[in-house]
Amino acid sequence: MSITYLEAIREAQEKALRDDPRVYIYGQDVAAFGGAFKATKNLAKEFPGRILDAPISEDAMVGSAIGAAIEGMRPIVEMQFADFSTLAVNQIVNQAATLYWRTQVACPITIRLPSGGNPGSGPFHSQSLESLYAHFPGLVVMTPATVEDAYTMLLEAVDIDDPVIFCEHKYLYNRLKSAELPESGLPCHQARVARLGRDLTIVAYSAMVHEALAAAEQLRKEDIEVEIVDLRCVKPLDVDTVLASVARTARLLCVGESWPWGGVNSEVITSVVTHGFHLLDAPPQRINSKDTPVPFHVGLWGAHKPSTQVIVAAARRLYEW
Amino acid sequence: MSITYLEAIREAQEKALRDDPRVYIYGQDVAAFGGAFKATKNLAKEFPGRILDAPISEDAMVGSAIGAAIEGMRPIVEMQFADFSTLAVNQIVNQAATLYWRTQVACPITIRLPSGGNPGSGPFHSQSLESLYAHFPGLVVMTPATVEDAYTMLLEAVDIDDPVIFCEHKYLYNRLKSAELPESGLPCHQARVARLGRDLTIVAYSAMVHEALAAAEQLRKEDIEVEIVDLRCVKPLDVDTVLASVARTARLLCVGESWPWGGVNSEVITSVVTHGFHLLDAPPQRINSKDTPVPFHVGLWGAHKPSTQVIVAAARRLYEW
Amino acid sequence: MLDTLNPPKRNVVPPVSREQYIKAFSWMLLARTVEEKLASLWRAGKIAGGVYLGKGQEAVSAAIGILLKSGDIFGPLIRDQAGRLAFGESLVDIFRTHFGSRTGPTRGRDGNVHRGKPRDGYHAMISHLGSLVSVVAGALVARRFKGDTSAIGATTIGDGGTSTGSFHEAINMAAVEKLPLVVVVVNNQYAYSTPNHRQFACNHLVDRAIGYGVEGYTMDGTDLRSCLEVVAYATERARSGHGPQMVVGSCLRLSGHGEHDDGFYVDKNLFHTALGRDCLKVAENYLQEQEWADEALVETWRRNAKQQVEEAVAKAQREPLADPSDETWCPYATQRLAQALLVR
Amino acid sequence: MLDTLNPPKRNVVPPVSREQYIKAFSWMLLARTVEEKLASLWRAGKIAGGVYLGKGQEAVSAAIGILLKSGDIFGPLIRDQAGRLAFGESLVDIFRTHFGSRTGPTRGRDGNVHRGKPRDGYHAMISHLGSLVSVVAGALVARRFKGDTSAIGATTIGDGGTSTGSFHEAINMAAVEKLPLVVVVVNNQYAYSTPNHRQFACNHLVDRAIGYGVEGYTMDGTDLRSCLEVVAYATERARSGHGPQMVVGSCLRLSGHGEHDDGFYVDKNLFHTALGRDCLKVAENYLQEQEWADEALVETWRRNAKQQVEEAVAKAQREPLADPSDETWCPYATQRLAQALLVR
């Protein structure tokens, strides 16, 4: 038996609904239809009345979840695509993210953002918005890269008293499989060393962890041993784990699918150089998507985002520095 | 005679309206009332029909400006406070910022964001959102620190074929004065060395340039000569000027009023260490506001944002590294 | 007086009693007294930031506050001092919030009108207009989940606030969910300096109700009796399962937008129309007409209100202000997260 | 057929002529033919991403496209293939966009329905529903500035799209500015899988018109004659200075939401109601009833449409696809900015 990243997300929601009567799901087409990606498939049948179809009103979807959370519920909001969450930015960053700080009343909502590129998805169904949300105080921004993390982190997201932006990568939905789901996982504020290495640290998250792993396999043939840190959660950021890795390898390459300016990569690199400058034997490097919208055409898209080959080349250059 | 930062903004708009029939202004209370801060004072009288009061509809304000720009106009949109632009994020980052890239039709709109903290303004009238917008491809994000720049950069913003997010600092509005307005200024993609120094580079923008200058004056008494780079525009970012300064001083301290995670500071530091790692003799450092919403109480607010004293202390530490 | 749009007029609301009227009037009077004090503190430089008054809107607001019951939900906006008090707000909390006291509900982190006790059903607005409507709606969704079928929620919005997308999404969503939500639109003719004709183009904002499939009513916002009647009707309809209710009260803002604003742009003629009446005076006259209270009695109440307010101010002033050294500067509620960050 | 809400019925629109009807029908037929081809190309794996059809909505869309004049502005949405063609879109551009051709209007950067030539008044939608309405409104603001008093603008929106805050803000703003904007709401009963009763609670979406102070009409979206009449009336009203017009056409989406979707959730009974009629068949019947065209003639048109489409596909397929090596990856239009960045 095997379970996909998408199924893990479904299973986590099922478990959350089963274990906690405060949980409900709100989003467009999530009930009978089971969601645009089927992340809520059959849940409406299993939990009648707890999976609600929303109008095309992202602002009100999040606003209402905040109100319900104030009353002690634990809503999960599904955005149909991460890209549409731009219409709920105000509710997310100003209302949800500040509620506890302003009033001492917690805001335990989880907002699921189907994120990242897929062939042919174009500029408005491909965005990676983790950096937008991570900039604002009060939000937890999760970016699971594995089936296991998709499962345990989503459960943690629902459990946490703060608003969580859960960036699940669409490219991984059906491509990533695991044998089974774990009972428990690392807490979200801890990064994970996804591969041990000696020569170079690659920091990545979400789908890019797999590009980094593929690059590491190629580099192994050249006897370059890459260590990979999977951030898991980009806010708060586990700088300690990154620093510990860089302390071993003395070289840092950051890979992220979001746009370069002020994204996860620049936050990681800045955290490392401000706290661990002396650990580095070479300039830290980053690979991002290009600074344009995400293109539709598959060839353009492939050149727009970081690829295994680009990572390999950058890592090799850094190794040889 | 002297002219304030706010008056410079008004003058620039007056000039733009006078010189270019394609310019008009749209925003809440901008016409007869002259704007919440009086940045459009008397313009409605001077240019009848070209200053339009908008309903409380930030999304439609920006959307309509985009449509007008497509037809060849050069709208200036005034947000009453930068904080309310979160309601127009979708129109700004998805519609305006991508238009040229998608269709080869330019989108020459200017969105004025009265930004930054002022005593007693609290979490929703104090935000500095330059980092939010700079993350997205296609936007020019200006952050003028001087009366002169407020004037020439706003004229340039209107002139430019791309959408410009014009972050004008409310704290400077009436506090900053100059003798007169210049005929012309540096192009926006060039940073400016605001003060020459030998020992340390401070990179700052907007109101923080003045905190940095004050800190530099104090440090001079200790014989520490600080060079100050005023970024002027945070997207695109003039890394060259910063690198050239760091090449002289070998030390970098970045100061910004926005939140730390993924903000201007982290982008500047990352750009410097990826391109000029060898120039640095000490770890680059940053000072931001604290990672919470901006507090209301004046004492809390003062401790939340970077102050001259904090800059002095950090610069001294860095100097002594 | 009961001018309903959708349903036929029905006599579900008992006539306004002396007791209820006087109760509402007292909150109006107290609110006015509070706000006069706030204005003078502001002028004296004792309050940082802005001060926003509900002068001229006390009748609408008091009616809402009074007709909500314990266990109901209230999402007040900037001009709802009367409703806040009627809903149970403590006087001293008002001043604590304006001063930035450590002891206030926001502990100095947010100020003036941005206060509330959300867990008690008393929501704390953010500045972004329209964004509170869906929050109150969501609280009612939660009540439905929890099996609470008796509670309702009410929130207010200005004429300007009706132009926000948030307002539209929220009321539509509440209508789809048939939530017991009462949205009171207070049309005080201006949004900051912007008059109605630059804000919307319909004849009357209540014409929006039909487009959402909710029941809509109008009321004279300067007349406490009208407000008590119509809000009683609307809250009763909401409570008895008829879904969202939209009530539009008309009046005139009798202050500047905030105390920094002299309102020079307001059409002076409006002050001489029915809209420009001061609801507090109208109510006082009505009390005397009905012989429910004479001038002397009102004067006693007024003095009493003043005294309460002075005591509250004095108490707040004796209390410590917010202090940065108390702050951990951590925005998270989750304990293990906050701890992990502090250790780092 | 002319079911107006606000203004009295008036005979301003001349009866639909044979010529106009046939012209509209031809666009409908061509659109249907284009979309059948797109669907088969998609099934064959020749198109990446999604393919979205306007099947069942061609009458509404063609009516809009035909009643706009040169110099007007059109902001089509996903199911507007017929209107796009009638407004002047080139057939080959459709396929270029779906293939990601270098030669297409978006040069492979955006795909499928996200195409347009904004400078020609033909707007290119982004995915975010509702966000195009204010853009079209703004284009009309520009026209007013430029002294163009004859042009109007039209845009469409789905039943689902009416729930967006963007839609609300834009139509309200257009009403305040009294812009010559025609907003055609196509109620095809579903938004993806979501039926009307989970989307809104009013009796009829046209009930929203009064709340915005705009004129509102309904039309039978399955009946080309109804569409031509009502859209003619609305465009005429807009053109003659009566401000924004809201037209609501009812029909049923006769395809899945996209070609990946079989629409299993659609209430099958609807297909047997008047809503479920295929507007193309209804129009063909009408042509024959009126003896404006017989079966053979329609068949000729059909063959002709097929041929045009095949030629366009063939042409597009011969052309080069987008190529990353052509890209400068610079999002800026300002030449000096782009150059400064390239040098860096």
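Chains here go by letter, A, B, C and D, matching the order in which they are written, and residues are numbered from 1 within each.
Note that in this section a residue touches a chain if its C-beta (ideal position, glycine included) is under 8 Å from a C-beta of that chain, and two chains touch if they have at least 3 such contacts.
What you see is a predicted model; the values in this text were computed from it and never measured.
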Separation of chain C from chain A in steps, with touching chains one step apart: 1
Most remote chain, CA-based centroid, reference being chain B: D
Distance from the mean Cα position of chain D to that of chain C, given in whole angstrom: 43
Approximate Å spacing (C-alpha centroids) for the pair chain B, chain C: 36
Distance from the mean Cα position of chain D to that of chain B, given in whole angstrom: 40
Set of chain A residues in contact with two or more other chains: 54-55, 57, 59-60, 83, 86-87, 90, 94, 97-98, 101-102, 123-124, 137-138, 290-293
Per-residue multi-chain contacts in chain C, two or more chains: 106, 109-110, 114, 126, 128, 163-166, 169, 172-173, 176, 198-200, 331
Chain contact topology (line, ring, star, complete or other): complete
Chain D residues within the chain C interface of the complex: 163-169, 172-173, 175-176, 178, 197-203, 205, 207-214, 243
Complex contacts: residues of chain C adjacent to chain A: 105-106, 109-110, 114, 116-119, 123-124, 126, 128, 131-143, 145-146, 165-166, 169-170, 172-173, 176-177, 331-337, 340-341, 344
Touch list for chain B against partner chain D, complex: 22, 24, 50, 52, 54-55, 57-73, 75, 90-91, 94-95, 97-103, 105-108, 137-138, 140, 160-162, 187-189, 236, 239-240
Touching residues (chain side chain B, partner chain A) in the complex: 83, 86-87, 89-90, 93-94, 97-98, 101-102, 123-124, 131-132, 134-138, 235, 237, 258-259, 261-267, 269-271, 273-278, 280, 282-286, 290-293
Chain A residues touching chain D - in the complex, by the definition given at the top: 28-29, 32-33, 36, 53-57, 59-60, 80-81, 83-84, 86-87, 119-125, 290-293, 295-300, 302-304
